[in-house]
């Protein structure tokens, strides 16, 4: 392995692992936050390096058009979130919600999570991918429960149990895929290397593949949070520390969905296999409609945005289910824009909840009056998340809806209705949160606004102009996805 | 040469309507008095009233604004122009291209607009009563009028009154049910617009049912004179409108010599006399109705207009 | 192809957006207000000049431009053709006037930081919509426009009702955008040919075309305020600062009309005759319902907003006629109807902005929007009163002002309908004509009320007594429009000619050239049929009035004595004794209200000896809201409650869901194989 | 590979399904634990057999883990937990045992139905083997959703895991099997610890936080 790319890849995995170990050992809670930022920053730089040098796909790790963008996104959001988490955690220490011991644990887990997600994205071996996703799940479980309140522990427990079942299903699917492959490729690692699978998939036994896909879709779909497998998601978002909510919504859901996509490509490469489209469309549409209605009865601000994540995961799944160059392209765009926007929203929500000392929306009012920057940041984020221009999600939703309506008018109308209902709910809450007379404390925030506005700025810029290289990669991927 | 003649004829019409209007009013009053077995004022009484009024000083309410003082002249001017654009004794007048039937109706609308504002200007309760009821009546009268115009134009293929009159003189009109309906509708609208019985009583004061009089209650002196003159011009206008659309015989076509014009003037005088007589008879024969019955009255006119238009389609289709 | 004009316009956009950004940065500075409005004034004027030049000078050549932004493989297409130029004129005329007005009005703004950044963005959005030449850019800018105006509506978010107004507005805007988006989805087809050129070159099957029409009617109608999609309009327009209200009512609704015209007349293929009937019915109902609502209203700005609904109805009547005529290939009448609609678009933008400016002046002078608390302002604010009076006359379609001309043209088009072959239309159009006449008459009544109660009579409150005339900037903006009302009224020929290339492009025919005729008479079809000459009428009326006044003052008396009002001998000094807006509208409410509003009047008469005053309660209900929107809200609520139970299951319940999903999928698989 | 080997493997797989049904049938806690020990025993035997016939020695590790952890340690631990927490000795079911059995049969039928169309060249073993594994998994799920006690739910989960291991070992030469089984054992251990930490007596959902605080008090 002489080419520089492989070193870069190794670095992307090793840096988080090492910093996790360091953070677990270091006692001091002042430097740890900075070290955390440093680690993620280094990872990000290495990941950016992938744009320039790309290693040959190995049996275990791979870098291709599909995942390169997501790795960079992953490390980037990881970095910004660590910056945000610095100021967030400092406040948590002040008010004594977290003890230094738990803080050490928190940072170590954070890096472990980064490691796990990078591994899942980089993995070429489907078994390895499965292990990585399981690791990511376990770490987030531990972080969700970190506040040790009753609700937090129940949320973590629920997440743990449902996640384990999901993992089991996914594993069975993986085994089936291996069986299907091994009959063609012979036994051994080849039969688990995704890059090989995609090339040889046409020869696999379609029936076996179908069964495998059902299990994989449900297993990883549990992580994605598709209704009716979503139950863990809202509570995990609401009860855990906000940086974790941001990472969950912004990255982990993407990673799980990414796993599904890998297998969809395998399915797409096999002519005899059933089209995965209808399944994904059904699940996606169910999630969209369900989540949109759920938004109306939410009182906890973080739980509400968690449901909005379910909503958007549904949209993305729907898009990939519809397939076709336009819809797939739009789906990929939507994944990126959603993770940026949603994490930005959670950044602002985290600070808001800290300032107001509550997550109950009835006690948070008139933010644009009391905290203009936070308030308008939230407004901007919500405008972006409901898919209004000039933010990027408008573009992806435009593509999804128009391309669908020409083919399946009824589906498009259903999706549009779902979007409209979600828009109604979120704007209704936004009215209360951002406008009207200020309510609750208007103490100044020692917040770091940089991450939030960096994300929103990126979404805005991308909504207006997309770099051609990204476009060409995504068009290639969209082609692979069929 | 012809141009000068045109100008002369147009000026003649302008003066004629201005001079005849009070006479018509006086004539109608006289006939009504006679029908009631009264002596009645002499025919020229309206002229005397006007002359007396314009010589009197104006008593102006304290908070009357410029709208109140300008309104009479605007009302008078618009009504006069409108009256001068309706063919009375001759078609193809010089100014007739300036406005067709719809525009004439709209001109009267502007006059009404100003009058209603004037009624509100002083800020008395009577003025308000008058204006609001006047506008209510207008909201019903105008659609009816338009329906009638629609029928006429459907038949004559024009809303230009000269063309309509010429067409009506022509042979291919015949006797039509829809025309009769349109006529009845037009008469009802005319009664409402001119504040005649049964819609309103022109010869009254201090009645809670008054409309037109309530609006001009605050006026006095020359303002009152101008408004009264405008009112009688309006009556004349509607009579000559009915004349030129439904009994266009004897109306001189443009570009004839003066003798013909003279003859048609006489004919026009006869038409007015007959119209005035009928109006007086009708007014004495019928009682005034409640204000909120007016909507039914004018609604009937609207229905008639619509029915006339639709019947015309049917009769055309066969 | 020379793209000078369009480049210039795009630079104007850049300038506007930069101004908005600048306003964000310098939100705290006091001078920002002046700077922003001056810049917007200059930029809009430049854009206006460009548009007029295009319209007048070389209206035939369409300028196109493509920027590498927006959808990557598509780019952002812009196009400047006669239609765009015509609407650009409307947009930027309104923008320039509003900016000029804002120079004065903006000083009284207590939260400039919430207005200044969005105002230029709003102008930019409206201009971009008109320029857009592909589906994505169109919708993007369309929604940008909605968003900016939403922010402006929320500028005074603390006043009760405004937040709700903004919410409903943005929701309806979302609905509209969604339906437009779907219609473009149909037009573009599966392979996503979003550029308008591609759409033009790919005709649709009649059914799909009908679907597109319905969606366009829904989308553009919800923005324009077509009944029953008008509910947001009387809430949102008054909530914004007055110059923004003027823009929203006078201009943004026109952009919506532009969207409809662009889709239905330009992009969509040949129409079917009953499309015209559909649009006509909507237009007629909208016109009458809008003005009736306005009559029942005594909030000045809401009244004006409802009148916007009415005028949109009138415009759509014209468009419907044009569709009907075009469907049976009657080019001339189609051109007439289209001209009438477009001319009314221009006229309404002029006098509606004027009226909103006036209401804004009243608002700043008295802090009141409620007519029942005003009165007698003509003595304190004579210039504003005069401007408002002219605006009222114009919107009431009274000659010799511009409102009459466009409605007269519409009537002429209606009078041509008997030539239509379809019996349905033969019977429908006269009825719609009746509705149009009714709405015109009601509008006159409504503005007698608006002007009379607000400006005439005696002051009803102390604020009305102490009112001050507004500043010079606002007045100049108003009087500019007053002049325009008159000019467009007495010399309509020039405007009709200016519109002819647009009409030519839309219905491939145009009205006869007007200005050639002597005395500027306008003749829609032939002179023997109908003609109108505002100039002559104006001269005649003014000269007659002056003559009469001169003669009387000269020959007879010109003496004046001031005294208490006569009032049949019972003058009452109490201003409460005057007629109020409510009592003025009472006869019309008695006539129409019971049917349209379920209007009920309850007289609460105390028994003899009881000192409390007798009261009259009037109950009106908005049947559209109660009949359409309430049920939808109810359904959403019920469904949300139903779904919400899922939030509270036990883990075992969730596991059941998961395994249930698994089993179902397996069964599906088994069945499928 | 000779016929006999396949038959034995087949026998084990079928036996596992049978034991799963026996699990479903139990209504007493301790007997449930014993039956589960049997379940784990069968799995370890079948894994060992696979290791033998595939001559893949690393599978013996998996077999050992299964035997030690699941057949011995965990049942004992759970036994103690039940005694310590004073959990009800009998299992309260959502639906009656009989209906559960019927549902189980339906699930087995379904899994066979689903596996039927597989025409894989990977030996006749694979299809039936997979069918059995799938049925074990589905039965485990059924157990988790049809039992209210935490313990029986854990056991349901572990039977799912056994089914997975059966499938994984059945798949010839699959890499990472050992690692996966280890990972899974950790998972199960965590769940058991969680039950003990949270003092979860009856259902999965009711976490007893005070118990946790008491427990933390004992920590250094």
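Order of writing sets the chain letters: A, B, C and D. Residues in each chain are counted from 1.
To be clear about the criterion, a residue touches a chain if its C-beta (ideal position, glycine included) is under 8 Å from a C-beta of that chain, and two chains touch if they have at least 3 such contacts.
On a predicted model such as this, the values are computed, not experimentally measured, just so you know.
Novice: If every step must land on a chain the current one touches, say how few steps get you from chain B to chain D.
Specialist: The distance in steps between these two chains is 2.
Novice: Among the remaining chains, which ones contact both chain B and chain C?
Specialist: Intersection of chain B and chain C contact lists gives nothing.
Novice: Please find the two chains that have the most C-beta pairs touching each other.
Specialist: The chain pair with the largest number of C-beta contacts is B-C.
Novice: Between chain A and chain D, what is the gap in Å from one C-alpha centre to the other?
Specialist: 32
Novice: So how far apart, in whole Å, are chain A and chain C when each is placed at the average of its C-alpha atoms?
Specialist: Going by mean C-alpha positions, chain A sits 44 Å from chain C.
Novice: Using mean C-alpha positions as chain centres, tell me how far chain C is from chain D in Å, no decimals.
Specialist: 70
Novice: If you average the CA atoms of chain A and of chain B, how far apart do the two points sit, in angstrom?
Specialist: Centres of chain A and chain B (C-alpha means) sit 78 Å apart.
Novice: Which parts of chain C, given as residue numbers and ranges, touch two or more other chains?
Specialist: Residues 651, 655, 658, 662, 666, 669, 673 of chain C each touch two or more of the other chains.
Novice: List, in ascending order, every residue of chain D touching at least 2 other chains.
Specialist: Expected reply: 114, 117, 141, 144, 204-205.
Novice: Just spell out which pairs of chains touch, all of them.
Specialist: Here the touching pairs of chains are A-C, A-D, B-C, C-D.
Novice: Can you tell me which positions in chain D touch chain A when the two form their complex?
Specialist: 114-115, 117-122, 126, 130, 133-134, 137, 141, 144, 157, 160-161, 163-164, 167-168, 171-176, 179-180, 183, 187, 190-191, 194, 198, 204-205, 207, 209, 212
Novice: Using the touch rule from the top, collect the residues of chain C that touch chain D in their complex.
Specialist: 650-652, 655-656, 658-659, 662-663, 666-667, 669-670, 673
Novice: Which residues of chain A touch chain D in the complex?
Specialist: 125, 127-128, 130-131, 134, 138, 148-150, 153-154, 157-158, 160-161, 164-165, 167-168, 171-172, 175-176, 178-180, 182-183, 187-189, 192, 205, 207-208, 211
Novice: Applying the document's contact rule, which stretches of chain C touch chain A when the two form their complex?
Specialist: Its residues touching chain A are 68-73, 135-136, 139-141, 143-144, 147, 154, 157-158, 163-164, 166-167, 170-171, 174-175, 178, 181-182, 184-186, 188-190, 192, 194, 636-637, 639-641, 643-644, 646-647, 649, 651, 654-655, 657-658, 660-662, 665-666, 669, 672-673.
Novice: Quick one: which bits of chain A touch chain C in the complex? Just the residue numbers, please.
Specialist: 157-158, 161-162, 165-166, 169, 207, 210-211, 214-215, 217-218, 222, 228-229, 231-232, 234, 274, 279, 290, 293-294, 296-297, 324, 326, 368, 383, 386, 388-390, 394-395, 398-399, 401-407, 409, 412-413, 416, 419-421, 423-424, 427-428, 431, 435-437, 464-466, 468, 471
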